[in-house]
Every structure is written in C-alpha cells, then in structure tokens.
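We call the chains A, B, C, D and E, going by the order they appear; numbering starts again at 1 in every chain.
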Amino acid sequence: GNDAADTGTENGENTEQTDAGDAQLQGEISIDGSSTVYPIMEAVAEEFMLEQPDVKVTVGLSGTGGGFEKFIAGETAMSNASRPIKEEEAAALKEAGIEYTEFQLANDGLSVVVPKDNDWVDQLTVDELKKIWLDNGTAKKWSDIREGWPEEEIKFYSPGTDSGTFDYFDEVILDGGQIDKAATLSEDDNVLVQGVTGDENAIGYFGYAYYLENKDSLKAVPIVNEEGNAVEPNAETIESGEYAPLSRPLFTYVSNAAIKDDAATAAYVQFTLENAATLAEDVGYVSLPEEKYDEQLSTLEGLK
Amino acid sequence: MRVMSFIGVLGLKGAIGLKTKNKELSPVHELLEKKYNGGFLNRREKIIPIILFFMAAVSVLTTLGIVLTLIFETFTFFGDVSIVEFFTATEWYPFSKTEAVYGIWPLVLGTLKITLIASLFAVPLGLAVALYLSEYAGARTRKIMKPILEVLAGVPTIVYGFFALTFVTPFLRGLFPSIELFNAISPGIVVGIMIIPTIVSLSEDALSSVPEPVRHGALAIGSTKWETASKVIFPAALSGILASIVLGISRAIGETMIVSIAAGSTPSAALNLTSSLQTMTSYIVQVTTGDAGFGTTIYYSIYAVGFTLFVFTLAMNVLAQFISKRFREEY
Amino acid sequence: MENVERIKSEEMINRIDSRLTKNKVVKGLFFTATLFTSIILIVLLYRIIVQGAPYLSWDFLQNFASRRPEQAGIKAAVVGTIWMMAVVVPTAAIFGVGSAIYLEEYAGKNALTRWIQMNISNLAGVPSVVFGLLGLTIFVRLFGFGNSILAAGFTMSLLVLPVIIVASQEAIRAVPNELKEASYGLGATKWQTISRVVIPYAVPGIATGSILAFSRAIGETAPLIVVGIPTFVAFLPSGVFDSFTALPMQIYNWTSRPQEEFHNLAAAGIIVLLVVLIMMNSVAVWIRNRYQSR
Amino acid sequence: MTLTAVKSKENNQAGQTENVLVYNTKDLNLWYGDHHALKNINLEINEREVTAIIGPSGCGKSTYIKTLNRMIDLVPGVKTNGSIEYRERDIFNKDFLVEELRTRVGMVFQKPNPFPKSIYENIAFGLKIHGIKNKQIINETVEKSLRGAALWEEVKDRIHEPAYGLSGGQQQRLCIARCLALEPDVILMDEPTSALDPVSTLKIEELIQELKQRYSIIIVTHNMQQAARISDRTAFFLNGEVVEYDVTDTIFNSPADSRTDDYISGRFG
Amino acid sequence: MTLTAVKSKENNQAGQTENVLVYNTKDLNLWYGDHHALKNINLEINEREVTAIIGPSGCGKSTYIKTLNRMIDLVPGVKTNGSIEYRERDIFNKDFLVEELRTRVGMVFQKPNPFPKSIYENIAFGLKIHGIKNKQIINETVEKSLRGAALWEEVKDRIHEPAYGLSGGQQQRLCIARCLALEPDVILMDEPTSALDPVSTLKIEELIQELKQRYSIIIVTHNMQQAARISDRTAFFLNGEVVEYDVTDTIFNSPADSRTDDYISGRFG
C-alpha cells in the first residue's frame, strides 16, 4: 500500500492536480481493445485508481476489432484502437445508437530494423522500402535494392496481417499492395525481434518500444522523410513529426453517453488526456504535442 | 464339546425366541414397521434421475450450442465467400486489400503438419514412458512421475510456445541451419511435449488396469517383461491407449498458443516443414486478438474456420471410436 | 516322441538369452524415453525458475499489475484464478459426476445413451478456442454475464466437463458390484445406494481423474482471450458477477511486452501458477487418501 | 456329523405340525433374455427353518434366491411370470415396494461384502438409510447385532476400525450382523461359506443353527454335507427345475428321484 | 473316497523305491519386509508325484509355491535365505534365469487367468514367445495341449473364439493347457479349484491324476479331502513352518504331530 502511495505522489510532480482528485467517485469503467494501446491504458488506469480507488477500471486486450465488437454491443465504455475506426464499425455503432468521440493518446513510431551487425543498410527511402517489401513474385536480394549491397536473399519479418501495425505499414508504404509473400509473419513483436536478431539478412518492422528494448542487438534504419532528411526514430523525432511517414497514431474511442451520464468515466477520460503524455512515454510510446491534448480536453468539456 | 455349546446356545436363544413371539418389539422394529405403514415411496427417487439426465444432457446441449454458435456466422461468411472457393482455393489470404482469397487448404495443411509431427513425437515417446512406468518402473518412480506429469499438463501453453521459440528452434537450427526461425518442426515437437502428459497418464491407467493375474499368467510361462508387456498387456489395454492417443491428438489439433508463437502466421500451402505456417486455431486467435474490423468478412471467417475445425475433430473422434471398438479385448 | 519334445524344450531354453537381450534393449529404450521426457520437462521448468525466481517476493503476490515491472504484482490474477476455479471445480464436478451417474446407473442401453456418450467423447477433442467462441456467444452475450467470473468459469467448466465425465464413469464402473448389492439387499433405494456407497467409493478415482482436467482449466489462455476477459484489473472481485483477470492472461500479457523485466515477471507468474496447481493437486491427493483409508 | 443330522430332523418333525409359510412360490418362470433359467418352480418355504438349495453349477440356485428379494431386478433383461408370495403378499405386485421386501428379507452373499467403512458404520448403515437417527438406538442395535452374529466379543474393542481389517470369516459374520440390525424376517444366503476357510465355515454354520431360532433362513450351497448338516429341508435344482424338495434327511438318504440320487452320490468335498 | 486314497497310497509305495527329486528345499527362510513368512523350510519333492500343501489361511502355502518358480520376485521387499534346488540347480543362482525356470516349471493360479485372446492364441502364446514360429508345430501343440487338459472335445469348434467366453472350469483347464504346451517338468497349482463348481473341480482332479503320469505336480489346497484324494504326499504348513510332511495316507490317518491331527480333525465338507 505505502509503496504505491509514494509513487503516486512522485508522479504527481509531473501531472497537474486535477479536480478528479478531490471528489471521491464510484463506479465501474470497462475498457477493451487494441493490445498496442493496452500498456498506455494500463498505466492510466493504475494511476487513476490511486486517486479514485472506488472506481473499478478494467482493461482488456481483445484487439482493435474485438474491442469495437464489445463497444458496439455496449459492453465497454471505451475502446482502444491502433487504427482509426472502420466504416463497418462506425455503421454498426450508428445502428446501435452509440455516439462516440475519438481521442488520440499518443504516437507509435514504427521502427524498421536490421540486425546490429548489418553494416550495409545506413538509410532507406520510402521507395526503397516499398521495393523491398512489395511482393513481386520472386525472391529479392539486397543487391536488387541498391548497388553494392550483398547478393544475399532478404528475409522479411512483419507483424501479422491482422494487426494495426501491419495495416498502417501496408497503407503508407505499400499503398495497400501485397506484402512480400515470403515474409514471416507473427502476431507477437517479441517473436519478430527474435527473428531479426537471429538472421543477418533480415529486415523487419515493429513498434518503437520493441526496438528501444533491443537496441543492443538491433539497428533502427533512418528513413528519408519528405524533406529529404534521413531520420532515426526517437522520442523527439516522432513527437515533432520529423520521423515520417512511419509514425502512427493510437486512439481511444469513448461513448459520449458514458461521459455525460457517468462522472467516473468523464473524470477518467479527463485524467487520461491530462496524463497520456507522460504515461505513454513511460511505456515506450511517444507523446503528442501539448496543444493536441489541450484541444482534446476542451472537446471533452463540451461533452460533459 | 461342540454339542455342549450347541445346547447352551439353544437354551439362550430359546429365551429370545419367546420374547419375539410375545411381540415385544425392539425400537428398530417399531420404527421400521412405522415406515412400512407410512410407505417407502420417496419423491426424491423419481426426481433425481431426471435431474441427472439433464446434467448429462448438458454435453449434448454444448455440442448443439457449438454448432449453433458457429453455423450462423458461418452462413454469413459464405454469403461473402463462395463455398467452392473455400474448399478448393489453395491460398488463404484474407487480409489482402486487393484480392482476398479464402482457401482453407493452407490452414488445414498447417494443422496437419503440426499434428503429424506432434503425434510422431509424442505417441511413441508417450507410450514408451507409459510402458516404462507401468511395466518396468518401481512403485516409487511411478508415484513421483505421475503427479509431475499432471502438473505439467497445467503449464500454460504460452510457456511451451516460448520454449519452442527460444530453446527448441535455436537448437534445431544449430543442427540443421536450413530450418527457418518459424517452422513446423519445433512447434510440432513442443506440441508433442505438451500432449505427452495426457498420453502417458491415460495410457498408464489403461495399462495398469489390466488385471495383475493376466500379467502373472504370462510371466509364469517364462515370458520376459517385454513379451508380457507387448504381447499381452498392450493389446489388452489397446482401447484405452487408443483413447488416450485420440485425446492427445485432438489436443494437438486444437493447440493454439504454441503454434501462434513458434510457427509464425503465414498460411502456406507448401509441403515443406522448415518454413513458417499457420494453423486453423492460430488463425482464430490471430483474428480474435487482432485489429480486424468487426462485421467484416474476416471477422466472420473465424467462425467458418472454427466450424471446419470442429468438423475435423469430430471426424477424427468418430473414426477413433470405430477403431477402438474393433480392437476392444475384454478382460 | 518323448525325446523329440525334450529337445524342443532345450531349444526354447537356449533362446532365452537373446530374448532377455531384447528385453534389456527395450527396457533401456523405454528408460531413455522416460529420462528424455523428464529432462525436457526439467529443462522447461529450470528455465522458468531461473528466470522467474528472483522476481518472486511478497510484494509480487501483494501488488496489482503495474506498468512498472518492479511494482507489478499478480494479486488480481491469483485471486481471479482462484475465484474462477471456485466456479469451475464445483460446476464441473457436479455436472461431471451427475452425468457419469446418469450414464452408468440410470441410462438404459439405448440410442439416446449412445448418442450422449458419443457427444462426450467428441467434446473432449474439441479445441479450446471453439469453447471460447461458445462461451462468448452463450454466457457473455446470451445470458448477459459479461466478462465476469461466472462467464469464464462456465466456459472452462464446459471445456473440462467431458474429461471429468469420462474419469468419473470409470471410477463409478470400478465400484464392486458386491457393494451395491449389499446396499440394495438392506432395502436401500437406488439413490441411497448411489449417494452412500457408490460415490464415496468412487471419490478417489474421480478426484484423481479430475486433476488433469482442472490443471488444464487453470492453464488455458485461448478461451479466456476469446471470451474477452480483461487483463488489467486492480481490484479484487467481490462476487461471481465481477470482472476479473486470471493468471494465464496476465502471463500472456507480460510475455508480449517489450521490456525484458516483464518477461521475467511472466516467468515468476508461471511459478505462481505452478504452485497453485500443485496445491490443488495436493488437495486431490489428500481427498484420495482420506477416502481410501476408510 | 450324524448327530446334527438327526437333530435337525427332529426339529423338523416338530415344526411340521404347525408350519407357517414365509414364502410360497407358484409356477415361477424366469428368463434371462431368451435363456429360460427357472422353469415352473413351486416351493413352499417354512418359517423358522433352514431351507437349503443345492444343485450343480448353473442350475439356477442363485437366480432363484435373488428372485426372492427381487435383487434379480438389477439384472437387465430379466422376465418372470408366475408368483412368489411372501407372507401372503405377492412380491411382484407393484404396491409391495422392493425396499420394504428387502428390509424384511436380509441377504448374505457368497463373498463377504462389507462396506469400506468402520465396523460400526457397516451396521449403522441400514438403520440410517431407513431414517433411524437416534444415536442410542443405533448404538444398542450395533451391539445387539454383533452379538447376534457371534462377533461382538472379537471386535468390541475396535468397532470404529475399518471393516476391511477383519478376516474373511469375521467379515462374513459382519455381513450377517448387518442383516440382523434390521430385524429381518427371512435371511437369504448365497453360498455364504464358499470363500471361507474351514474354521470360519464352522463358525458360520453354528451361527446359522442359532439364528434359526428367530429367523427363517434360505441357504444356497454347493456343499452337500453342509446342507445335510444344517438344513431342515432341501430343494434340489437341476437345469432350472426343482427336481425334488423334501425334508433334508429324505433327500440325502432316500431321494425319490434318481437324478437326486445321482447328484448326491457323485458328491465330494 | 476310500478307494482313491488307497490307490494313491499304492502309487506312492511303488514310487518310493526309486525316488528322483525335482525340488529340494533346504533351510528356506523368507521375509516380507519384517514379516517372517517362511521359517526354515526343508522339503524334498519327488518326480511324478502329486505333492499337496495344506494348512490354514496365511500359513505361507502360496508364498512357498510362488518361491518355487520365483514368481515371488514380483513382490517388492521380499528377502530369502537358504536354498531351493530344482533338479540339483540352485534356483536363486543368478546363472539360472527365471525365464528358464518358469518355462520348465508351469503354474496354475487360484483364479483362472487366461489372456484376453482367443483360445488358440492363449496356448500358442508360450510357443511364440519362445521363438517357435512353425505353424504346423504350433497347431499340433495346441491340439495336443488341449487334449492333455481334457478340453479339446469341448472347444475344438471354437478355438479362435475369445477365451473369456469359456466357463470358469473350462478357463482353468485352458490355463493348464497353456502350461502343458511348453512341456514343463513340474506344474505348480495354487488352489486351482477353489473358484470352481464341483463338476469342474471333479474334472480337474481327474486331470491331475492323469497328468501325474508325465509331470510332477505340487498343489496347494484348502480342501483336505481333495488333498487326501489326489495327492501322494502332503505337507502341512502352519505359521510359515512345515509341521509335518509325509505320505498322504499317514498325514490323514496317523499324523505324527498333534497339531496336524487337530487341523485335520477340524475338517469337514
């Protein structure tokens, strides 16, 4: 008990004291959705419950689609998503009579990685990435991408086709094209880390946090952005938007009714927006610019 | 002497006999008489079988529930995707933005590969262990091994999954560098390891429930332990052993986490065992934990795959029951 | 003729050596197989223990999940698993034993019985993900239990039910007929005989046979994921309709986090899960001994 | 040996003057599926006598005795016709509940079959299932029954110990005591000594002689000398039929039917 | 009864002139853990005789007979000392393989224990494991053994049917036939008829009398009259000791030891 209280105050230094801390609220808030967003929400819930121990927050990780399924069924008040809501889902929500608001919590920098001992890849352009990853029916060698690179077959490691990460990569790099069919897919980013680490001709991509944790064995490839600069992913470059286009937004969708009718949910969402910046960085994501949060907080005020 | 005691007893009992004749009933007798007159009929006796029947019916309802759960969504799915494509196309590529293909074959093949490797690994090993424990090992070894195996049956399968990925795969790749990081062999073997406790535990039960006299009969005409075990005990326990194998294999077919972690998630129609694949179960988990949209074709496809999986295991169990009936030896 | 036979028997005697060699080889093979299996399992356990043991502490057991590995604990998951098992064990045991009694003692030898029986053995082979889908549709949605202890507990109960039924049937079938006769012979009704003679005698067998099933229920992840029970829960449930999380869910989540420390926590979580399992098995062993010593 | 035989004969003759029937079997037929196991059985069984049933294996002895308390109902696919009257009530009549019949008619089996409980609980079992809960009554009945089965002295210091700790012969007497606790009217015994050693057999035979004073006893036995020693009347079964039924002495010394004679004289053991 | 007794006596006396020993037990002691079950046993067993072992339950009869073919090895925690010589070879010597011993010395158990296979396979089993593959030899041996066990006529039309379809007595004869197939030298029998009906018992007793012509037979029995009828010599065991061992006639008619007399005269049935 004591320990937790200590960290609460310690944490209070960088969070503004909010009115949520004054009134003691009660209730249950059920949150589900993307496993990518889960760590942020877990952190938020953890901190929130230190201030409002009588509000019972649960966070699940049924995936973005699974989360929306529950959100549509009215089983959850908030649904985390690692991609914007789809048309089908929006339609189903409309049919169910559920109004919602989208809040962006943070950014995740997709890191393109090669093993540490890969000494030829120094940077990549979006076109090169596309050339590497787009399926062309044959096996590709590094030398096919740039002159002078080894004549070794490239090994691909990509998140599973059902993940938001894949979705995003597919959209911004491949323009919705077919990813190389030889790519090894896994739902688990840790598994991809293992794959890229163990194979010197490998290339892969996944969330920034997984790169950060495995810096010793992996090298993040700087990506050339629209301005023509090769930028490495890190907190600053992702936050400032320099690292582009591989920085993707993470969302949570909240039922308007819940905000309106339930003080606890309203307080929770407010707490989330106030603390997302710090907490997202705590768990390996990148915060949004300050203004973005303020903007969303005023949206929230309007919904209360 | 015996006659004497007889007479003594007769005297004594004569007295008791008189008592009864005088209808001096004992309390027990009185209570029982009351019960006879009140009637024995007991409503409980009639209701209990009905309750128990409904309990047994839960199993049937479960099957029914599974079929119903799966069938509606499956129908919805087949509204979007032709059933012919589902069974004949050789590619499973539901996530393609341009041209999604739903041919179940790669997933079935993936499942078969894993199941085959797991069975090839676990059945001989499991039976060897079961035979060792029941026919050769001392009571102590048996007493230690069985509970350990039972505990291992409860280790979450994610644990086995990481064991495959971080221990077995590197080990295999050390031996055969051509094996890829994700392959069928390593998760196959580890699924095998996971089902070994099931096979060992149930087969050992079947073996040791063959009556001891049968075993002694064989040993007493000079059989070695192996001859006794292989020619008498094993055939006698065969139907139980088959049941344990079927259960183990069913579990291998249904195993999810190990495969998701260590076999990759690339549906592949290729026959080789050294590259990444996807099974029916790992597809279901992929979609249920993934980010696919609710209400999309992909979402409904998991029910179609689930239904295929269900039919698959059903067919295997029916077949197994048929086989086991043929091999049953009564003792 | 006498002579010929004796020679035949000498020949047989001479072959004994090679037969014994075969026996020895086979025994060696089987022993190796057992050793091999044990070693694999020991390696598996060893890795977990080495990785997880340093993270085991009182705090680990006392704390809720946290984003900070050094503060993260497993309390909600342990308590949640215990709650879930508190639903699974009685539900599965009552329905399992009830079904077994019906099938062994009451059911006629007819098509219906055979159909039920076949259903049971089929269900034993149905993958757990499929049970997850069933639980989601029936318990979570149709009955409106949400992702509560009850919904997950019932789903798990259905999952392990077939194994328990089969084990109980065997235990009940093993009750000597003489004992049943003795009871009937005293004027006991059928249910009295079953409840006072058959069940007590079968309890050790049922307990032993059910361990495997309950162990499985503790370690299963896939159906919980499909049913959609949450992972972060920082309070203890106060009833079966409350939300909860379970050990495998927590472990699953930790293994998928990027930080190494979480992976170690997962190993520590596995150790806790194994301890829970061992405790449950000991209870079964205790029950078995208690009933057998009578 | 001769002595006992003579005595039982006397007994018999004394009884014959005022015989009361406990069982009256009329034209009983029984089939196991298609197998006609009992054919036209007619037997009148007297109160407070020992009636022995002998005959070669498979002749239907056990089947008949199991029919008397309707334990035969437990075998699936059995059909009967004809009637058995127990104290003038048709046992097949559905108003006559089997539970009542079996409480009035105790049964002792070939193999001792005590429950895996304590000695005390074995005897209390019957009382408890019949709803008798009074501790004192139970205690008294346990003691009385054990005395009645000549077991009290041997076990009084350990009645709360498991019944399986007793020797075979003691277990069989415990099973008899278990019957006695319910104050039955008739006791059926199906080869009660065939699994026992000679000394235990002797004890049980003595016990049967005592019990006869209060109970009617019907005993199936393989052992013709046992039948000769302890029974008042003997029925000889063959292939599901009653070949001969008479006072034991007559059966053994001057049987009317040559088949009886053949069987008796082929005897041994 | 008297007739058979006399016959076996004659037999005996004829044998006594040139007795060859099959078994010679010297100072045998056996412990189950701490329980001293056999105490200083000394017994010489003759070729082509029937040797009966009698004694009250628990006296060590089964233990002794199981020691003779070392089936006792299957019981954990058994210790022995002293020696048993089979045809002058020490059976405890590790050069004497138990498999050989058990091939030469057949055993028939109390309860018939056929394998869950066909009648034919039950008998062929022993031959097959001993490496005899020739179909014709096997077929002939099956027939010969079944004839030897007086079972051929009853089963010749269904030798490929499961052995469990046979009656108890037939199963027991099948088990004897199973021994005979290996042409043993000695046959050990542990209460082979105690689970059987009288008719089957009689058949087996007759069979034993025939088998004696070719085999040495050691039989444990509870049934003193059986011992008297079929055996040439009888050993009386008590509390793990051999109280008396002599020609059967002597044991039954003029035992030297008063305990033997007590036991024998407590007999009946």
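A few remarks follow.
One rule holds for everything that comes next: contacts are C-beta pairs under 8 Å (C-beta built on N, C-alpha and C of every residue); 3 or more make two chains touch, one makes a residue touch a chain.
Only a predicted model underlies this, so the values are computations on that prediction, with no experimental measurement involved.
Considering every other chain in turn, the ones in contact with both subunit A and subunit D prove to be B, C. In this assembly, the chain whose C-alpha centre lies farthest from subunit E is A.
Chains joined by the most contact pairs: B-C. Annotation: 47 Å between the Cα-based centres of subunit C and subunit E.
The centroid of the Cα atoms in subunit A and the matching centroid in subunit C are 38 Å apart. Rounded to a whole number, the gap between the C-alpha centres of subunit A and subunit E is 83 angstrom.
For subunit A, residues that reach two or more other chains under the stated contact definition are 35, 61-62, 66, 188. Residues of subunit D in contact with two or more other chains: 99-100, 103, 130, 182.
Residue positions 16, 19-20, 189, 225, 255 of subunit C each touch two or more of the other chains. Across the assembly, chains come into contact as A-B, A-C, B-C, B-D, B-E, C-D, C-E, D-E. Against subunit C, the residues of subunit D that register as touching in their complex are 69, 71, 74, 76, 98-104, 106-107, 109, 111, 113-118, 125-126, 129-130, 162, 175, 178-179, 182.
Residues of subunit C that touch subunit D in their complex: 109, 176, 178-189, 192, 196-197, 200-201, 293-294.
Contact residues on subunit B toward subunit D in their complex (touch as defined above): 2-3, 5-6, 9-10, 13-14, 16-17, 20, 26-29, 31-32, 35-36, 39-41. Subunit C meets subunit E in the complex at residues 5-6, 8-9, 12-13, 15-17, 19-20.
For subunit B in complex with subunit E, the touching residues are 138-139, 211, 213-214, 216-224, 227, 231-232, 235-236, 329-331.
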